[in-house]
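The chains carry the letters A, B and C, assigned in the order they are written, with residues numbered from 1 in each.
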Amino acid sequence: MLFQQLVNGLVVGSVYALVALGYTMIYGILGIINFAQGEIYMYGAFGAVITLGATGDLSLAVLAGIGSACIVGVLLERIAFRPLRGTHPLIPLISAIGASILLSSVARLLFGPDDRSFPLEFHPSSYSIFGAAEITGLQLVIMSVSVGLMVILSLFVNLTKHGKAMVAVAMDNDAARLSGINVNNAYMITFLLGSALSGVAGILMAVYYNATSFSMGTLPGLKAFSAAILGGVGSIPGAIVGGLVLGVAENLGAAYISSNFKDAFAFIALVLVLIIRPRGIMGSRK
Amino acid sequence: MLQIRNLHTYYGYIHAVKGVSLHVKPGEIVALIGGNGAGKSTILRAISGIVKAASGDILLGDAQITHLSSDRILKNGIGHVPEGRRLFRGLSVRDNLILGAYSRKDRARVRADIEEMEKLFPILGQRKRQLAGTLSGGEQQMLAIARALMSRPKVLLLDEPSMGLAPIVTAQIYEQIRHLNRDEGISILLVEQNARLALNLAHRGYVIETGRIVMEGQSGELRQSNEIQRAYLGKGYREVWE
Amino acid sequence: MSVYFLHVLILVAIYAILALSLNIIVGFAGLVSLGHAAFFGIGAYLSGLLMIKGLGFVEAFLLSGFITAALGLCLALPALRVKDDYLAIVTLGFGIIITLVFLNLDITGGPDGLVGIPPVTLWGKPVYSKWAFLGLTTAILFVMILSAYTLKQSKIGRAWAAIRDNDVTAMFMGINIYSYKTLAFITSSFWAGLAGSLYAHYTAYINPHTFSMHTSIKILAMVVLGGIGSITGSLLGAAVLVILPEVLRPLADYQDIFYGALLVLLMVFRPQGIMGKVKITEIFGRGR
C-alpha cells in the first residue's frame, strides 16, 4: 500500500515537476512569480482535447496543445509582464494574479463550465513492480515523458550556448547584456520553454484524469509553485525534486491522514520545508 | 574610431553627464580620470548601451551606435569590462569565455580563440573548469578582460580595472592591457580613479568632474600639469606651487 | 430608500472593513497576503457558532475578533519566517486549508454551511432593522478608520513604512521587523474577524464558498483599485467592487473576466490605484 502510494505520488509528482520547472525558470531569470502558469497548463490541455476531437490525430493534438500553451505564454509575457519590468515585485505579482483569473474565466466562456473527457482509447495495461506495487501503462508513459523532457531541458541549459545564456541572464542581467546576450530573447525563450513544459503537463493530466476543464489549472499551478519553492526556487534540479516530493507527500497524506484535505498537504509540506530549510531543498544561498 | 559628441545622460532627475565630447583614435589608449561619482562609468555604460543617452551622439567609425541595444553595440565591435568585473560567478571560467563569444557565429574560430585566451592568460587555462566566483581578484580581472576580448572588439572599454587589486597584480593587469594595445592593436578607453597608473599607460587623457570634461590632452602634459598633480597625483599645495 | 439599496450599503460597509484590514498588511506594512478571506470566514463561523451556542452578540462579536487575531498570529509565526516573496503562496495555502476546514468539519456544517445564525442583539433585543444594522456597521467602520489612521501616523506606522520600503535597512535601523510584521497580521485579522461576525449575523446563513480564494482576490482587488496604502482608497475600492457587480448583474457571467482584466490593466496603467500617491515607487521604494 505504501509503495503503491509512492508510485502514484511519483507519477503525479513528475507532472508537478514539469510545471514547477516553468515557474523556477521564469522566477530565476525574470524575477517574477507567474501565477498564471496553471492557466497555461490548462490551455495546453484544451488545445489538445479540441484538436483531438476535431481531427482524431494524436500527434497533431499534442502539437496543438503545446502550441496553444506557448501562444498563451508569449501573450502573457507581452501584455502582463513586459510593461512591468523593473517595478517593485508586488506589481507583476498582482498582474499575474489578474491574468490567471482572466485566462481561466475566458476559458470558461470559450469552452463552457463542464469537464471534457479525453477521447482516447487506452489499453488498461498494468505492470508489477517487484510485486509490491502496480504501475499502469499510462502512468509509465506519463513518467517517461516527464523525465524525458526534464533531461532534455537540463541538457539544453547546461550544454548549449543559449541555455548558458539563460543562466547568465539569471545571474547578472547587465553582465549578460555586455556579453552580447539579447536579454529580451532570453526572456522569450524562457517563457516558451516554461509554457511548452506546462502545456505537456496539462495534456498528460487531462489524459490521466480524463477531465479537462477551465479550472483544472489553478490548484495544480499553485501546488507546482509550492514545489518549485520547496525544491529551491531558481534551481532546475530543485524544481524536479520539489515536484516529486510534493506529489508523494500529497498522496501519502491523502492516503494515511485524510483524503478530504488532500489539497492542503502540498502547502503544509511547503511550510514545513521552508521552516527547516528556508532556501528550499536544493536552493542556493543568495 | 570611437567618438562621443555632446553626450547628456540622466539618472532619474540628476543630470549625470553634461555635454561630454571625447574621441579615441585607432590604436590609442585614452584615459578617463576623475573622482568618485564624476560620471566616468556612466559614460562607458552609455557607450555600451546599458544607460540611455538623453541626447548627443556616439559613433563607432562612421556608424551611429547611440540608441542601439547592447548586444548590437557589442556586435559592432565594442567590448566592455564592467566595474567590479561582473563575472558569472556560478559558471565556470570556460563558460564565462564561451558566453563572451555569444554573439559570434564562427564556432571553430571561437574554440580557437578560447585556447588563445588560455595561452594569453595561463591561469585561466589551468582553472578552466573552476567556478569564476572562486578565483582571486586578479584572476577574476583577467577573466573579465578575456571574456570581453572573446567578442573580438575593436575598442575595449575598461572600467576601473585596478579596483580592489593589490599593486603587483594591478601591474600585471596593466602589462596585459599594454600588450593588447601594442601587439593586437585594440583601442582602449580606460576609466580609472588611480590617475597615476592611467596616465602612465595612456597616450591621451580626459579629466572629468561632476559630469563635465574639465581638462584634456596628451598624458605627458596632464602628468606635468599642476592642477592634476595637486588634485589627483597627491602632491601637496606647497610642493606644486612653491 | 429601498431595502435593496440598504442591503448594498451594508455590504459596502462590511467589505470596507475587510479591505481596510487587508490594506494594513499590504499597504501599510508592504506584505503580500492572499488568504485574507480565511480570516473573514473564521470570524463569521466563530461568531455564528458562539451565538448559536447561546452567547450574546457583543461577546460573540468581540471574541471572534480576538480569536481570529490569535489565529492570525498562528499564521504569522511560520509564514513570516519565509522570504517575503514566498509569503504570497504561504498565505494562499493557508486560505485554501481554511476553506477545506470549513468544507469538511461537521461543526461548520460542511459544504451546506451554517444555518440559523441569530441576528445581532443589542441590549438584549434582536436588531432586525436594516437601518439599525447599517448604523452599527458604519459605526464600527468609523472606529476602524480612526484606529487605522492613528496607527499609520504612530511610531508603529512609521516602522511599517520603513519595513515596506526596505526591510533589511529597517532592521539596521533597529526595528524588529519580525515583531512589526506579526503585529500587522494580528491587527489585520482582528478586524477581518469582526467583519466576519457582522456578516454572519446579517445574512443568518454562511457557507464556505463565500470565504474562498476568489473572495481573497476580490478583497485584494479592492485594496489595489482604491490605492495600496490609502485609507480612503480602500473605502472607495470596496464601494466600487460591491456596487458594480450589483449594477452589472445581467453580466454576472463575465464578472471574473472583469476582475482579471481590471487587475492587469491597473498594474500596467495605474498601479497606485485611484487614490494612491503619484509613483508606486514612492510607496514601495525601489524594490530589490
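A few notes on this one:
Just so we're on the same page, a contact is a pair of C-beta atoms (placed from the backbone, for glycine too) under 8 Å apart; a residue touches a chain by one contact, two chains touch by 3 or more.
Quick caveat, the model's predicted, so the values are computed rather than measured.
Core chain by CA centroid proximity to the global CA centroid: A. The greatest number of inter-chain C-beta pairs in contact is found between A-C. Ranking all chains by how far their C-alpha centres lie from the centre of chain B, first place goes to C.
Chain A and chain C have Cα centroids separated by 31 Å. With each centre defined as the average position of its C-alpha atoms, the distance from chain B to chain C rounds to 54 Å. Distance from the chain A centre to the chain B centre is 43 Å, each centre being the mean of its Cα atoms.
In chain C, there is no position where the chain touches two or more neighbouring chains simultaneously.
Against chain A, the residues of chain C that register as touching in their complex are 30, 32, 34, 78-79, 81-83, 85-86, 88-90, 92-94, 96-97, 100, 103-104, 217, 220, 224, 253-257, 259-264, 266-268, 271, 280-281, 284-288. The touching residues of chain A, counted against chain B in their complex, run 161, 164-165, 167-168, 171-172, 174-183, 284. On the side of chain B, the complex with chain A involves touching residues 48-50, 69-71, 74-75, 80, 82, 86-91, 95, 98-100, 102-103, 147-148, 151.
Chain A meets chain C in the complex at residues 33, 79-80, 83-84, 87-95, 97-106, 108-109, 219, 222, 225-226, 229, 233, 258, 260-261, 263-264, 266-268, 270-271, 274-275, 278.
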